[in-house]
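Below are the C-alpha cells for one structure; questions will follow.
In this document, chain identifiers A, B, C and D correspond to the written order of the chains, with residue numbering beginning at 1 in each.
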Amino acid sequence: MRALFHGIIPPVVTPLLSNDALDEAGLSRLIEHMLAGGVHGLFLLGTTGEATSLSYKLREKFVKLACNQIGKRVPVIVGITDTCIEDSLNMASCYKEAGADAVVIAPPYYIPISQSEMMQYLEGLVPQLPLPFFLYNMPGYTKLHMSVETVNFARELGALGIKDSSGDLMYLYTLIDKFKDTPEFSIFTGTEIFIPETIMHGGHGAVAGGANMFPRLFVDYYEAAVRKDFEQISLLRQMVMQIYNTVYNVGKHTSKYTLGTKCALSVMEICNDYAALPLRKFDDEKRARMQQYIQELKEKLVYI
Amino acid sequence: MRALFHGIIPPVVTPLLSNDALDEAGLSRLIEHMLAGGVHGLFLLGTTGEATSLSYKLREKFVKLACNQIGKRVPVIVGITDTCIEDSLNMASCYKEAGADAVVIAPPYYIPISQSEMMQYLEGLVPQLPLPFFLYNMPGYTKLHMSVETVNFARELGALGIKDSSGDLMYLYTLIDKFKDTPEFSIFTGTEIFIPETIMHGGHGAVAGGANMFPRLFVDYYEAAVRKDFEQISLLRQMVMQIYNTVYNVGKHTSKYTLGTKCALSVMEICNDYAALPLRKFDDEKRARMQQYIQELKEKLVYI
Amino acid sequence: MRALFHGIIPPVVTPLLSNDALDEAGLSRLIEHMLAGGVHGLFLLGTTGEATSLSYKLREKFVKLACNQIGKRVPVIVGITDTCIEDSLNMASCYKEAGADAVVIAPPYYIPISQSEMMQYLEGLVPQLPLPFFLYNMPGYTKLHMSVETVNFARELGALGIKDSSGDLMYLYTLIDKFKDTPEFSIFTGTEIFIPETIMHGGHGAVAGGANMFPRLFVDYYEAAVRKDFEQISLLRQMVMQIYNTVYNVGKHTSKYTLGTKCALSVMEICNDYAALPLRKFDDEKRARMQQYIQELKEKLVYI
Amino acid sequence: MRALFHGIIPPVVTPLLSNDALDEAGLSRLIEHMLAGGVHGLFLLGTTGEATSLSYKLREKFVKLACNQIGKRVPVIVGITDTCIEDSLNMASCYKEAGADAVVIAPPYYIPISQSEMMQYLEGLVPQLPLPFFLYNMPGYTKLHMSVETVNFARELGALGIKDSSGDLMYLYTLIDKFKDTPEFSIFTGTEIFIPETIMHGGHGAVAGGANMFPRLFVDYYEAAVRKDFEQISLLRQMVMQIYNTVYNVGKHTSKYTLGTKCALSVMEICNDYAALPLRKFDDEKRARMQQYIQELKEKLVYI
C-alpha cells in the first residue's frame, strides 16, 4: 500500500508584486506549470513560500487562490508554523475552509526549545487541529533538530509524515529505518539531490524547491528512483547538480535558494521575482547571470 | 546630558491565566511592584514577556492595560519584532495609540539573514514607524549577531539605542567605544551581572529580567555603579549572583530564565505563573525549590 | 582505468595493553582477520587508531609491526597529521622506511585555520614529503571543513585522493562532481552507511571503521554497490544500520565509535580493548551489552 | 594572603628565524623588554607561543634559553598541553630541569572529549607530573569549555589556578564566585580588556598577549585595578582598546592575534616576525599598516 502522500511535492513560491500584493496571474501560471509537469501534490507557505514574511491576510488570500486554481487535481498541504499557537490554529481553520488537505508544523522558531518542550507543544496543539498534519524538520531555521523520539511522538499523535530539510542523510535513513513498519507514515526529503537515496531506502518523496522551475525533471528523477533505473538517475542527477551549481549559487546568503528560484521563475516568464522583506530580489547583474544559466539548463533539458 | 533612556528598564513578564487570557490583577500588582522599586522605564513584550507566543490581540490588550496602569510615570517601550513587516507596523500603530513611547526591533527571526539583509530590512521598516525605535541584539534567538556596522546603520536611521543580550561583553564594550561621541544613543546590557561593567564603561543601563522580582536591588546596583561605590557594588553583586545560581538555575533549558522569573513572581504572590506554549510552568517539585530560594533571597535582602 | 586506491580500506584500531605498550598478538590477529575478509587496503594511525594519543615511538613501532604482518598483500596508508610540520615529516620518513605506500594529512588541529592557511600549509609540507599523500577531511576534529578549492589545490600538489569524514553527503557529491574528469583522484567516504551512495555516484571506496570487526560485510557491501545489486545492498544495509544502532550506540560521547569498535573486537577475542587517555575502555555493564549485540550480529551474518 | 601567582603573566611569543630555528637574540631582548615593564611572571609555550607548531626539541631549547635569561627574576610557567600523555610528561620533566616553576594543561585537542573524559584524563596525568600545574580553558581551540565541576576536580587534584581564554566573562565570574573561599587558587583571564573586571571581582591576574609589546601598560592597568583607581583604569582602557582595534585587527583569521603581536614586535625591533606553519607572517602591506599603528600607540603611551 502506497502512502497517501508521496512523490514530488514542490514547496510553492509565493509570487508577489509587493510586500502585501500577490502576483495572481503569476500564481496561476506557476500552478499550471507544475501540474503540467506531473507533480504529486503542492506544499504552500513553506520556507520557499516566504510564509513567515507575509501577513496572515495575504497568506489566506494566497491559499484560497491557489486551492481554487488547483481544483483538487492534487493534494494540497499548507504550512501553519508559527510562534503562537492561536495563530497556527486560526490559519489551520482558514486553510481548511480554503480547501487544504493537511497542514505542516515545524517547531515554534523564536525561543530555542528542547525536545521535551517540542513534545508538550505538539500535545497542546495537535488535538485542536481541524486537519491532519505533517511535521517539518528545519533545524537551520527553527534551531531544533527533532530527535527520532520527538518524531515518533508526533506520529503517535497522528502525524501523516515528516519533511526533513536538515540535509543530514544519516538522520533521514535513521527515520526511515525507525518507521519501516508503519509505511503509511510518509518520509520526505527537502534536499533535492537526495531524492534517489530517499526513495531507494524506503522514503516516500521529496519537497523539492527546484520543481517550481523544472517540475518534470524532478518527477522523472523520482520515477527513475522508484523504477531503480540507474542510468536515468545518473543522467538526471547531473541536471539537478547543475541547478545546484548555478541557480542556487548566484546569491551569497541563506536566502539564495528562495531568491534564486524566484529569479529563475521570472526569467522563465512564469511569475514576478519580488521578494518580501527582509529579502530583496536579485539585482540586474545577478539576473543576467541567471538568464544565461536558465538558457543552458533549458537546452540540456530538451535532450533528456 | 543624560540619555532620555537610561537606568533599569525591566523586560516585563506577561502575567497569564491561559494562552489567551491575561492575569489582569497580577499585571497591576507587578507594575506597582516594579515602580515602587524605582525602575526607570518598562519594556513590554520582549523575550521575557513571551511576546512571540501571544496573539496580536492579546498583546494589544496587554499593552493597553499596562500603559493605563503605568500612567506615564515612567517611559514605556514595546517590542514589535516579527518576521512580517506589516505585522510589525500594525503593532507599532496599536502600541503608539496605547501610550508606548518607543518600540523595539530585533532581526526577523525565521530566515537566517546576513548583516546586509538586516540593513535592507531596517531601511524598509524604519521610515514607516510611527514611534522612535530601539535595536535589540539577541543572537541566540534571532541567529544574527548584529555587527557594529549594522548597529551604526540603525543609529543613522534614528535608533535611540540598543539592548544587547548577546552576553558578549567585549562586543558591548566595542559598541560603547564606537558610539562614545553620540551619548544620546543609549546602550543597554541584557545581562544582569554586567550592570556595573556597562555603566562604568559608559553604557546607559540594563534591561534586567530580575527587576521583575527585585526591582530595588537592580536599581541600587545601577546607582552604585553610577556612583562608583565599589563596596556596595561588591555586596549587591553577590545578591545578583545568588539569583543567577538559584532562580535561574531551576529549569534545564533556555526557557529557564522566563519560567524561573514567572515561578518566583508566583511564589511572591505577585502574579500567576502560567506560561504560554511551547513553554509550561514549573511542576510542584521545582516550585518547592523556588519557594526556598525566594525565602533565602528575601532574608538576605532585608539586611542590605 | 580503476584508481590505484579503491574499495574498503579500514582505519585500523591500534591494539594496546597500556598507554605505551602494543597488544602485538592482537595486532597480528586483527590484520589477518581483515585481510581474510578481503579488504582492499589498510589505513594505520587515523582517528580510529587513536594516533594523536600515542607517542611517536609507539606509532613507529606499530607501523613497522603492521607492515611486516601485512607483507605487501594490500596497500598501506598511514596518518601523519600533526600540528608541527617537522614531526609530520619525521613520521613520513619513518613510515616510508617501515613500508607504507602513502601518507594521510588532515589540517593541523590546534589553531583554527582558514582555507588559505590550509593551502599555505600544504604548500610548505607537500614538497618535502617522501611518499604520496591523501587528504583527510574531518571538520569535527580539525575545525576546518576543507572547501572544494582547498581539495583541488591539494590535488594539484599531487594528492592521490581524499577521505571525507564530514558526514555531509552533499559535499561528497560535490567533490565527486568536481573531480569526475580526474578519475585517478580517489574519493573515499568515512561514513559507512554511505558506501553505496559514494560508489554509485562515482566515488572510489570507504574508510570504514566497522571493517575492523566485520571486514567481509563491508567488502560485500562495496562490491554490491559496484555491481549495482540493489537487493544485496538493501539486505547488507540493514546489517550496517544494526552496527550503527548497537555497537556505536553504547557509549555517550564522540569517543563511542572508537571505544565501541575496540570493545567489540575484544568481545570477539581479536584484540585488547585498552584505550589510550583521554579515553578509557567501556566498563563491565557496557561490555555485557556489547556481548549481546555482537552475538546478535554474528547470528544474522551467518545467513547473509 | 596573596596567591603565589598573580598579576600580569604574558604568554610569551616564540621568536623564530625558521620553522626549526629560534631568534635567540630576539628572545633575550623580548624577555628583558617584558621584565623591564614589570610583569609578574612569564608563560612560555602557550597559544601565542605557537607551542603546538614547534618540535619538542625546539620547545625544550626555547624553555632552556628563556629560563636562563629570566634567571628566576619572576616565576615561569610552561605549557605542556598535548594529545599524548607521554609527551606531556616528557615535556614536564624537561621543563622542570630547565627551571620552570609550574606547567599548564589544556584539554587534549584532537578528539572532542566530554567533561567526564577530561576528568579521567587529569586523573591519569596529574599524579605523574613533576611540577605543580595550572589549568587552561581555551574552548575555541580545544573544543571543550570546561565546566565549573571539571575545574573544581582539577583544583582538588592540586591545580594552582586556571587561565580562562573563553571570552565568556559570566563564566569567569562564576569561577571566581565558586572558588572565593580558596583564594590560593589563582584565576586569570586571557582576555586583556577584562583585566579590571577580573581583579575587582576577586580574580588574580591576566595572561595578556599584549604585554609582549606593552608590558608596562598592562602592569599599570592591573595595578590600577588593584587600587580601584577608576580614572586611571578608564584612561588605560582606551589604550588597550586601541591595541585591540589596530594591532589585532590587521589579520583576518583567528591567527590575527599571534601574527599581529609578532609583526608589532618586529616593527618595534624586538624580535623576528617569522611564524611557524600553518601560519605565515604578514605581508608588506599589512606590515606598513602595523608600522603606523605602532607609531600612533607609542605617541599616546608617552603621555600616560
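Going forward, contacts are C-beta pairs under 8 Å (C-beta built on N, C-alpha and C of every residue); 3 or more make two chains touch, one makes a residue touch a chain.
It should be emphasised that the depicted structure is a prediction, and the values quoted were computed from it without experimental measurement.
Under the touch definition stated at the top, subunit A and subunit B share no contacting partner at all.
Farthest from subunit B, judged by the mean position of CA atoms in each chain, is C.
Judged by shared residue numbers over all numbers used at their interface, subunit C and subunit D contact each other through mostly the same positions, with over half in common. Centres computed as Cα averages put subunit C at a distance of 36 Å from subunit D. Subunit A and subunit D have Cα centroids separated by 51 Å. Among the residues of subunit B, none is found touching two or more other chains. Inter-chain contacts occur between A-B, A-C, B-D, C-D.
Interface residues of subunit C, counted against subunit A in their complex, comprise 167-170, 173, 177, 191, 193-194, 197, 200-201, 228, 230, 237, 241, 245.
Considering their complex, residues 19-20, 47, 52-55, 58, 83-87, 107-114, 116-118, 120-121, 124-125, 140-141, 143, 252-255, 276-280 of subunit B touch subunit A.
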